[in-house]
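Two complexes, one shared chain (subunit A), two partners (subunit B, subunit C).
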Partner chain A sequence: MEPGTLSTFLKRGAIWGFIVVELLFFSIAGEYLSLSNKAFMDLDNMLLLFKQSAPIGIIAIGMTIIMVNGNIDLSVGATFALSAIVLLNSMTWPVFAGLGDGVIPIAWALALVTGILLGALNGLIVWKTGVDAFIVTLGSMLGYRGLVFMYNGEQPTSHLNWTLVDFAEAQFMGLHTATWFLLVVTAVIWFVMNRTVHGRNAYAIGDNRTAAINAGIRVGPHMMINFMIIGFLASLSAVVFYSESGSVNPNDGELYELWVITAVVLGGTKLTGGAGSVLSTLGGVLAIQLLRKGLGHIGADTETVNLVIGLILIAVLFLDRQLNLKGREALRI
Partner chain B sequence: MRPFNLSGIGGFLAKQGILVAFALFIIGFTIANERFLAPDNIMGVVRSSAILGVMALGVTFVVISGNLDLSVGSMMSFATIVVLDLHDQIGPALAIPSMYAMVLCLGAFIGFLVGYLKLNSLIVTLGMLSAIHGLTLTYSGGKNMDIADKEGTWFSMFGQSDALGIPIPILLFALVASVLGIVLAKTPFGRKVYAVGGNGTAATFSGIQRARVVFTCYLMSAFCVATAGLIQASRSLGSQNTVGQGLELEVLAAVILGGASLLGGSGTIFKTVIGVLILGFIQNGLLLVGLQFYVQYVVTWIIIILAVWLDVAAKRGKLWSPIA
Partner chain C sequence: MSSQTPALRLEGIVKTFPGVRALDNVSFDVMPGEVHALMGENGAGKSTLMKVLGGIYQPDEGRIVVNEQPVVMTSPLQAKSKGIMFIHQELSLAEELSVAENIYLGELPKKSFGRVDWQKLYSETNEILGRLKVGFDAKTKVGDLSIANQQMVEIARALTVEAKAVIFDEPTASLTDAEKVVLFDVIGDLKTHGVGIIYISHRMEEIFRITDRISVLRDGQYRGTLETPETDEEEVTQLMIGRKLDLSRNVSHHELGDVALEVRGLECGKLFHNVSFSVCRGEVVGFYGLVGAGRTEIAETLFGLRDPTAGQILLDGQETTIHSPADAIEKGISLVPEDRKGQGLVLGMNCRDNMTLPQVNDLKAGPFVAEGAEIAIFDQYRDRLDIRTPGWKQLVGNLSGGNQQKIVIGKWLSMHPNILIVDEPTRGIDVGSKSEIHNLIRELASQGYAVIVISSEMPEVLHVSDRIIAMFNGEIIRTFTSDEVTEDNLIQAISGIIPEKVA
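This part shows the complex of A and B:
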């Protein structure tokens, strides 16, 4: 075996290995500790797990490409809420009154366009002012949240459309609608990042921005496109989720950015850019959701979930660094 | 493109833009509502900014040393819940030092991870945000915490009393700000903080123990958070588990507004205090002219971006970014 292969393998496969360990642990521990007599790896339970992972998961896929590019987006939670409001509110506009269920695609399109525009605004500011994405999106996290409140005050926005609810609750080939969205998004973004010029340039920019500029890559447009993609995905996540629930509070989606970043980092994407994989992020999302469900299954307090996830995040960071150090030492010899 | 003139009006605006903006806001709000500059209104604003302000002072140290602290919000919740719980169990005189000790332990843990193990501070404190939130919920069992005898305790003095006509929270804020301001500007340690944040490698080569400086910065941040928790607990004498949730980003906004660079090496305590006051006065001014509280979010957004943009533009000498 070549030197470094083992550590590369460990790093790539770590998140899936972690998922297997989680499954085994919760299955075995569940036998003794669980109050329910259903097995943890029950098929329905696992299908539900995928469905519940979807809202955070869809955004996390977008966050991966932002972080690969060397940026970060803290405004996704607010974008999520604003798109949800546009989705639910636009269905009640008098303009569309005569359309019946024909209003659904229009409302979806309006919500998705909202997300793309908010993302584009972030991207444009990062591109043109040269201010760090962390600060730009920290600001717009507040700003977009303000827009959410301005739209409807502190009141929740509600509208139930039963056709839409049926669609969101449907199961196709055993998987829920939300799961399909998560899988399709993962596949499409995987394709974009691995098989297109844009994806390759995004990795190059994140890895070494100066080198990318010298190689003639236009950094700005690529960053802006990525911000538009994450805006689109944040609103897609809202569209999928609120089609079913039908009611949005003005502070929905708060702290989503932190959960999303946790999932992405757990999947092994570097904050410094240039490295990361969409599939590993999917693994990170599933691992967190498994942990939540599993701890609930063995009767642990829901409070401990936060504690465990936080400590695991730090442990992963530590292990990752140790593995990287090993690789570097081997190189030196 | 025309070069950005650092000596002209534009340069002055870029360098002192935050003070100019502050002055313009105060003039504007005073014209809109004459009560804005009334002493009791000013006192009220500073008083309600004190909690955010004290936290921002500690985070300033962390940011100047080139790191981030996203855990201050959950740590403040933890401090509040712990001191309220211990107040009824062992009395206020013992509860306060115990709470400080526990929060300082958390700060030391973060400082150890970031300083000595050299882990990325954003992810460590993100993890600690979640972990400390879990710790708080486990500690309180998910319930709200209340002091049994709210009338008969002297504990309320930190948040509710006045001394010499000035509310105690303001005095605490001023005290912590002056002490930390002197530490940062006038002591060898303060200079080391700037050195570590400005160029960590150079600092190491000049014999500064980088890890120890970073560790101490997180300890100071934890101390400030504990003080903020004390004021919060004493003001309300009861609290939810999520009292500090989301404050970490507001604190960071205030520090950035004060002109500290996230790359480290720049920023001062005085400017952070200005940043905190700007946030407080904008919020208050918008309310006084009859706008809803959430308008301040949008205004804050615009101000943060403009402030940092001008700062960056002044440093590179060009208004627009050179990114192709």
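This part shows the complex of A and C:
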């Protein structure tokens, strides 16, 4: 075996291996520790797991592009909340009163446009000012959240449309609506990243930005498109989730950015950009959700779950660093 | 050839940076189907000239003419669109991407919906790779290739468009002999297609093998163009180093003390190998060689920044292992690094704090930093090294280069080292301060320090060293005493030419 083959294999397949380990562990441990008498690997339980993964998962797929690009977007949680408010509130606007259920596509479109615009604003600032995306989106995270509170104060925004709820709770070929959305988004973004010029340029920019500029890739507009994509996906995630729940609190979506980044990093995307895979991100999302569900299944409380996820994340990054060391001649810093 | 119009012509290019005239009225042309070598010492202005040509710098005066059309270069992309391709010495590749994607970076062939036309991409790439006769294919990941093969990928980029002129900047620096032959075939192929080639290299044997004309730059000035068949190495060398430079050797020799540092068969991966030398107290040993010859890496290894893969380091006759810079300082080794502003100083801190940085942990009054002791140290070395600053509160970033360098040297002297390693001590320092630093180095040696000076400037090594070690490609080629060294034999040694009969 050539040197590096093992580490490449570990990096590529690690997250799926980790998921298998989790499944085995919780199935076996669940037999002894669980309070319920249902097996962990129950079909309904697994379907639910996919559905619960969707809100974070849809955003994480978008974050993969952003991070492959060498950027980061901290404002996704706030974009998520603001889009949700637009979705639910627009359905009650008097203008659309006569439309009946015809309001649904309009509300969806408005919510999605909100996300795209917020993302475009982030991208435009990053492009035109040259300020680091971390700082820009840290600012917009606070700003967008401010807009959320300005909209309705501390009050939740609620509107339940039963047609929408039926749609969101539907199961097509066994999978929930939300799961379908997650799968379709994953497929589309996978296609973009692996088969289109835009996706390949995203890798090139994250890997060696100078080389990309020298080769004539227009880095600024490229990044702006990516921020629009993640804005769209953040609002799509809100659309899918709140179609069912029908009520949004101004605090909803807080810390989503961190869960999303955790999932992406767990999936092996480099924080410095240039490398990462959409499918591995999906793996990262599922791994976290499995961990939460599994630890819940064997009776651990939320605090323990967070502690364990944190430890695992650090362990994974340490492992990654060890696998990536450049040998003994490297400069010690 | 006179009836032809040049593929590319530079006329009277002037480029100044604050305090330096980097290019002084340089004119240069390359004919279609000609290989034109551009030579000069490190810092002669070759790379500045190429940056002007690539649109990275705008010239203050002069113009660039492509096919008799004056053009203003604003970016490497524009240069490319004019048919001027650069093959850089430092690789600009995206390591996670495939060979094909790197070669066509920014110009991936498209199908509908912005999809990449992989078939076309791979077939075109494989065709180019076939011409280069390399042992990898279009789908290989660039990060998995050796440095030499990565260089071949870089070269392959020149073959993607109909180039008018191709600039090769030290293309053979990391190629094996077999790969060089292929590269020369490629260059010959480009030649027959009427492409003008600018070939930058330090290696005489290559220059004489493949070029038609040789132009020489020295200190930013154009020194003349020679027809390759009618000249020889000596004439080129003469043009490169000139006569005006002060090439006086160091004449003063002190009483040498014991051997302070000895290195036996030191090796660090591919960076350098089989390096053996010794330095006595009171002696200045100069390391001379081209950039990338492994000199700085040796210094970094001695300072504990790199782990040697083989060999021994002996301090005062005792074998030791140096684990870290802290360990090196403890053992009496100090390194004045190459990049003064980036590695040697904290520019936003004042003079005193910079000078006492390595020992601030020991300068304490109770739990607090002992300011008085710090100021005392600063005053002592300010007087001893004649550092000109309004006071210790002055930010180091505001000092001149020469005074900054003295702060770094003072910092290490205050740690009472036995061995002082100085890497490029006068880079970016004006002429007056240069000789001051040189005198300081001589003086330190006379006070009993063992000093290693690494420099890319020949006058400097000649001037300060008792002995000169010439390095090439990670190996010591020859050690000269200051009596036997000449410009010619030194240049030859660092070009890797080993004299058949050592005088």
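As a convention for this text, the second predicted complex is superposed on the first by the 325 of 333 C-alpha atoms of A that agree within 3 Å, B and C clash if a C-alpha of one lies under 4 Å from a C-alpha of the other, contacts with A are read in each partner's own complex, and residues count from 1 in each chain.
One rule holds in what follows: a contact is a pair of C-beta atoms (placed from the backbone, for glycine too) under 8 Å apart; a residue touches a chain by one contact, two chains touch by 3 or more.
Quick caveat: nothing in here was measured; it's all calculated off a predicted structure.
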* Check whether A:L47 is in contact with subunit B, with subunit C, with both or with neither, and answer first, second, both or neither. => neither
* Go through the superposed model and pick first if A:N208 touches only subunit B, second if only subunit C, both, or neither. => second
* First (subunit B), second (subunit C), both or neither touched by A:D301 -> first
* Applying the touch criterion given at the start, work out whether A:A39 contacts subunit B, subunit C, both or neither, answering first, second, both or neither. => neither
* With both structures superposed, pick whichever of subunit B and subunit C touches the larger number of subunit A residues. => B
* Could you say whether A:E254 touches subunit B, subunit C, both of them, or neither, answering first, second, both or neither? => first
* Identify the partner contact of A:L311: answer first if only subunit B is touched, second if only subunit C is, both if each is, neither if none is. => first
* Touching subunit B and also subunit C: which subunit A residues? -> none
* **Complex interface listing, subunit A residues touching subunit B** => 74, 125, 127-132, 134-136, 138-147, 149-150, 153, 213, 218-220, 223, 254-255, 258, 261-262, 265, 271, 301, 303-314, 317-318, 321
* Footprint of subunit A on subunit C - complex, ascending -> 76-77, 80, 92-97, 101, 105-108, 110, 113-116, 144, 268-271, 300, 304-307, 309, 324
* Structure fact -> Listed in rising order, subunit A residues that touch subunit C in their complex are 4, 195-198, 200-201, 203-204, 207-208, 210-212, 214-217, 274-275, 327-333
* Asked: Which bits of subunit B are touching subunit A when the two form their complex?
  -> 70, 113, 117-120, 122-124, 126-135, 137-138, 141-142, 245-246, 249-250, 252-253, 256, 262, 292, 294-302, 304-305, 308-309, 312-313, 316, 320-324
